[in-house]
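Two complexes follow with subunit A in common, the first pairing it with subunit B and the second with subunit C.
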Partner chain A sequence: MSNGLKQQAFQVRYGLGAVVAVVASLAVGVLVDPNLTFRVSYAVSFVVLAAVGLAIIFGIMGVINLAHGEFILLGAYATTLSAVKGGLPLPLAMGVGALVTALFGLTVERVVISGFVPNWIGRRTVGRDLITPFYDRLADSMVATFGLSLIMTQGARIVFGNSIEQIGVPFGSTAGYPDYRIALVGVAAGVLALVYVLFTQTTFGTRVRATMQDEETAKALGVDTERVYMVTFAIGSGLAGFTGALFAPLLSMQPTLGDQFLVEAFVAVVVGGASVVVGTSLSGLLLGPVDALFSDQFGEFAGRIALLFAAMLALRFLPGGITGVVDRVRDRIEEGS
Partner chain B sequence: MATEPSTGEHSGSPLARLRRRLEGPNTVGNSRRYWVGFAVAVLALVALPIATGGTGAQFSLFLVLALLGLSLSLVWGYAGVLSFGQVVFFGIGAYTFGVVSINFPTPGGITGAVIAGTVAGAVVAGLLGYFMFYGGVRNVYVTIITLVSTLVMLTFMSQTAGSEWTIGEAALGGFNGMPAIPLLTLGVEGVFTFQFVFNDYEVFVPLLGTRTFDPFYYLSLVVLLLAYLGLRVLVNTDFGRVLVAIREDEDRTMMFGYNVERAKLVAFTIGGGLAGLAGVLYAARNVYIDPSVFQLYFATLPVVWVSVGGRKSLLGAVVATIGVEYVRLALGGELALVAVGALLLLSILFLPGGIVPWIDERLSGSQVPVADVDGPDARAEVSDS
Partner chain C sequence: MTVLALEDVTVGYDTPVLRGIDLAVEEGEIVGVVGKNGVGKTTLLKTAMGLLEPTEGTVTYDGRDVTDDPPDVRAREGIGYIPQGRDIFPGLTVEQNLQMGEHVGGDSDVTRYEEVYDLFPVLEERADQDGGTLSGGQQQMLAIGRALVGDPDLLLLDEPSEGVQPSIVDRISEDIRAINDELRTTVLFVEQNLGVIRTMADRCYAIDRGEIADELTGPELTDEDAIAQYLAV
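Our next item is the complex of A and B:
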């Protein structure tokens, strides 16, 4: 059997096993202690949703987007404004939020990350490229996107003031827990499934993974890597915007709302490693309960500290992230079989 | 050693010997013209309070922060370790200074507190660095760990409002911070003591009349000068060359038989001590310290300064810190953050090597590609993770 097929078989077998295990433990949890189960699974989906856009951009482009929290802010603001001021129904407003952020991400990619627009102007005026693309320049991309995040936070404050009117939380509640948050758990799972299908089952996904693995070879084989990067960044931004849209009814609409996501997102991506779906979902499953249980027992502060310490320990002992461990385990099983 | 034949002086004279130690390929400004300019700049800084009519009390903040910028320039620009955690050591230095000096509010005690704050910064940096570098944590993961430790410190210090968080006489004070830090008085009782803050004294300057001076301004100027010159010597030693080699290609340096972990740890510890000293001076200047020094925004400011000025240049860190902070305070209010963000974005886009190396390149007409930041260190990072 070829290596690729073997890998796929492995993924299907163990991936399905993991999904079944998670669903089963959820079912048991709902029967035993519904409220606690809801809280833990909400914490997991919070981490997953916070991280997924960042994970895509980091894993595929090697760009660390420190403005990730502000992309979420943009999605949340666009949703809230189109629902409250524009009178759109909530699902439509959420679509608007995701779309606006995706378009904004596209602009950022063209102007800053790839430097396409400045270089085009540069070639027309002074006859040379003005900047080098930020792909795989981790430190520089961090600095540049941090500048962007400062501008966006402060821009939101100047334009919209210190807070804007909020959308009410839809739905009622079950076992003393808001239904909307329970729905978010399902949405998080759906987002992960969609991302998985997009990157593994479509031609576009194959191109993306080829670019990620070896840009030069992919280019030689006819993949338009420039476009792959552009679309990837837009998808990552769109997902960040969608996260903002989803959490818009739950958070107070301040220019700093992105900060609450940034820590969880970074920790999850770093702990997860380079693989988007496997890494993000596993680190969500690891970090979410840690956060929820410690917050429950010792208050929100302890949850935060526990999360950060879990991340530091994970980094110390798993330098390749969870993805690295999964890869190693898989290799060992395959050798054995 | 023969890389700079331009010195042209005999090795006998002590000045020439000093100059040779200060110069090398790792720093910009190895010409006589540079040192003349440098002397003029120092004189201008000395004369600044006289010329502007102020006491220099405001400007001393920039000098203290420039020390923090220098610490990051060493760690990031030379050792290649991008740290968002310099403010951790800065804050720990400041808090240690506060705690020790409140408990021992005598000149001797306060002098000890200065040393304690500096050492605390270095020790914490050493511990964190040991944990990271010997634990095999590399590249971007080091950056993330330092970012996370900043957030840990912010969360931790913000909840120390209760009375159980009291060390001796000193209450840490949570969000409200630690007020009433004793005035910075250095020396030993009975021998010689001098109070550096809130001790403006008047001096008659010929032609200009009576002017008031803030001794703290001159203290921070001297400390900054010594730190700058000291780091210049350090990065031009063999150790400095090893650091630069690690920055350029860590694996190759390791293959050549250098102890990469130890070199990074030493640089990180020195950077931590320097940041701790900056924190001490910051707390002494404001007579107050609060957890806002651990905020994400403050944590990223050193990165802004160093990347605007040129991370591979110590001078760039100093110049850009003073410049950026001056602009930030002068603009004030809402637009300051937008301006800082735009400055950062534009400088990293168009001058990824920084302003000072760019100017140096223009002035000296050298063909050394200082803007070449897209080195091999940045290449291998994602692929092997």
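Our next item is the complex of A and C:
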């Protein structure tokens, strides 16, 4: 068998294997202890949904968006306001939340991350660029987006006060557990599947990965790499907004609601490594239960500490994150066969 | 008709590497550029592609001033670029690598998969394999195929023989001649291998000390010493 086919067979075999294993343990779990199963699956989905937007932006652009939590805040507020004040049905309001955040992200990319707008102005006034793009400048991008997160939190406080009216939780409950949270587990799986298809099975995805691997060559082959980054940032932001929209009925609407998401997302990306789908889903499966267990036993704060501790362990023992481990295991198996 | 022209081009990084370069490539030609390591051959091709901006002078493509056009625009207008060291995308499959070349010459909707697979059957056999798993010679074929798929009018080729087995080197030079013959693709290439220069070039510029030192045509191209003086270290 050729290497390429082997690789594909590996992905299909183990990818499907992993999905089957997860579904099977869910089925068993539901029969044995439905409430615990729901709690753990929800915790996993929380990590996945919190992280996916951040992971895309980090994995593809090398930018850590510390305003990620505030992008989620924006999605949650836009959803809540268009449902409560605008009277939109919830699914539509969630679409608005995701879209508003995607457009906001697009603006941030043009004005801050790529420096397009300031440089456009700079070239026409002082005759030179004013800032260097933040692509692949981890520390600088963290400083810039941290500033943005402070502005957004304070901005929300000034405009909307310390809290806004909340949307009620839709649906009933099963085995003492809210159906809405169970539905979120399915949504998380769906989001991962969509992201996987977008980045591996479409022409756009191929262009994005080419840009990631060798920007100069991609450009020389006619790819507008600026636009690739711009769209990628908008997609990552839109997903953050969608996460905010999904959790809007479950959270109290305060300007600081993004904090809990940022911690989990940041840890998940550190633990997951560069691969968006594999990394995010595996670190969700690892961190979700850790968070659920510690939070259950010792409260939310302990859960947060446990996560950070897990991240430190991961940094120490898994350079390259889970993605790196998966790659090494795959190489080992391929050599063996 | 002149396909590509550099007029009085000065270009470099912090300090100029090339100064006052005048060079023209006519439609249907295969033009070589020779010169020692580090003399600025790659710099020259990158300037033609738009990856580097000259500090002085102009670059014209198809009769239009493209000095300010970014590389992706030039690619879509029909310039195919094959970087030194090949630079295929290692994590994309062979087929996806080729797909990335479809934007080259973007305005014409022609794709040349059949011709590319005829020239390099190994690419079809290994279509689903990751580019990074190919041998050096196969990666060079992939890089050439990728630049050809979108049907470019001009091919910029940076040291195709570098790091490729001698037996494959001859094949690749003949392939480039065939491409030029059959697809009417104009070629500007950079090379240090005498054999490749002699098989491929209709005409040849020699760069020395940042300037065009000589232009070799016809019989001079078969005169080893005439070329070798610009290659010796």
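The working rule: the second predicted complex is superposed on the first by the 329 of 337 C-alpha atoms of A that agree within 3 Å, B and C clash if a C-alpha of one lies under 4 Å from a C-alpha of the other, contacts with A are read in each partner's own complex, and residues count from 1 in each chain.
Here, a residue touches a chain if its C-beta (ideal position, glycine included) is under 8 Å from a C-beta of that chain, and two chains touch if they have at least 3 such contacts.
Just so you know, these numbers come straight off a predicted model, no measurement behind them.
Chemist: In this superposed model, does subunit C or subunit B come into contact with more residues of subunit A?
Modeler: B
Chemist: Tell me the contact category for A:R110 with respect to subunit B and subunit C: first, second, both or neither.
Modeler: In the superposition, A:R110 contacts neither subunit B nor subunit C.
Chemist: Quick one: classify A:R304 as touching subunit B (first), subunit C (second), both or neither.
Modeler: first
Chemist: Could you tell me if A:D140 is touching subunit B, subunit C, both of them or neither one (first, second, both, neither)?
Modeler: Only subunit B is touched by A:D140; subunit C is not.
Chemist: A:A210 in the overlay: touching subunit B, subunit C, both, or neither? Say first, second, both or neither.
Modeler: Second partner only, subunit C.
Chemist: For subunit A, what residues appear in both contact lists, the one with subunit B and the one with subunit C?
Modeler: none
Chemist: Quick one: which bits of subunit C touch subunit A in the complex? Just the residue numbers, please.
Modeler: The touching residues are 49, 51, 70-72, 75-76, 81, 83, 87, 89-94, 96, 99-101, 103-104, 106, 125-130, 133, 146-147, 150.
Chemist: Quick check on the complex: what are the subunit A residues that touch subunit C?
Modeler: 2-5, 7-8, 203, 206-207, 209-210, 213-214, 216-225
Chemist: Which positions of subunit B touch subunit A when the two form their complex?
Modeler: 76, 82, 131-132, 135-141, 143-145, 147-149, 151-152, 155-156, 159, 296-297, 300, 303-304, 307, 334-335, 337-338, 340-346, 348-350, 352, 373-374, 378-379, 381-382, 385
Chemist: Quick check on the complex: what are the subunit A residues that touch subunit B?
Modeler: Checking each residue of subunit A against subunit B gives 58-59, 62, 64, 112, 115, 118, 130-132, 136-140, 142-144, 146-151, 153-155, 157-158, 259, 262-263, 266-267, 270, 273-274, 301, 304-305, 308-309, 311-312, 315-317, 319-321, 324.
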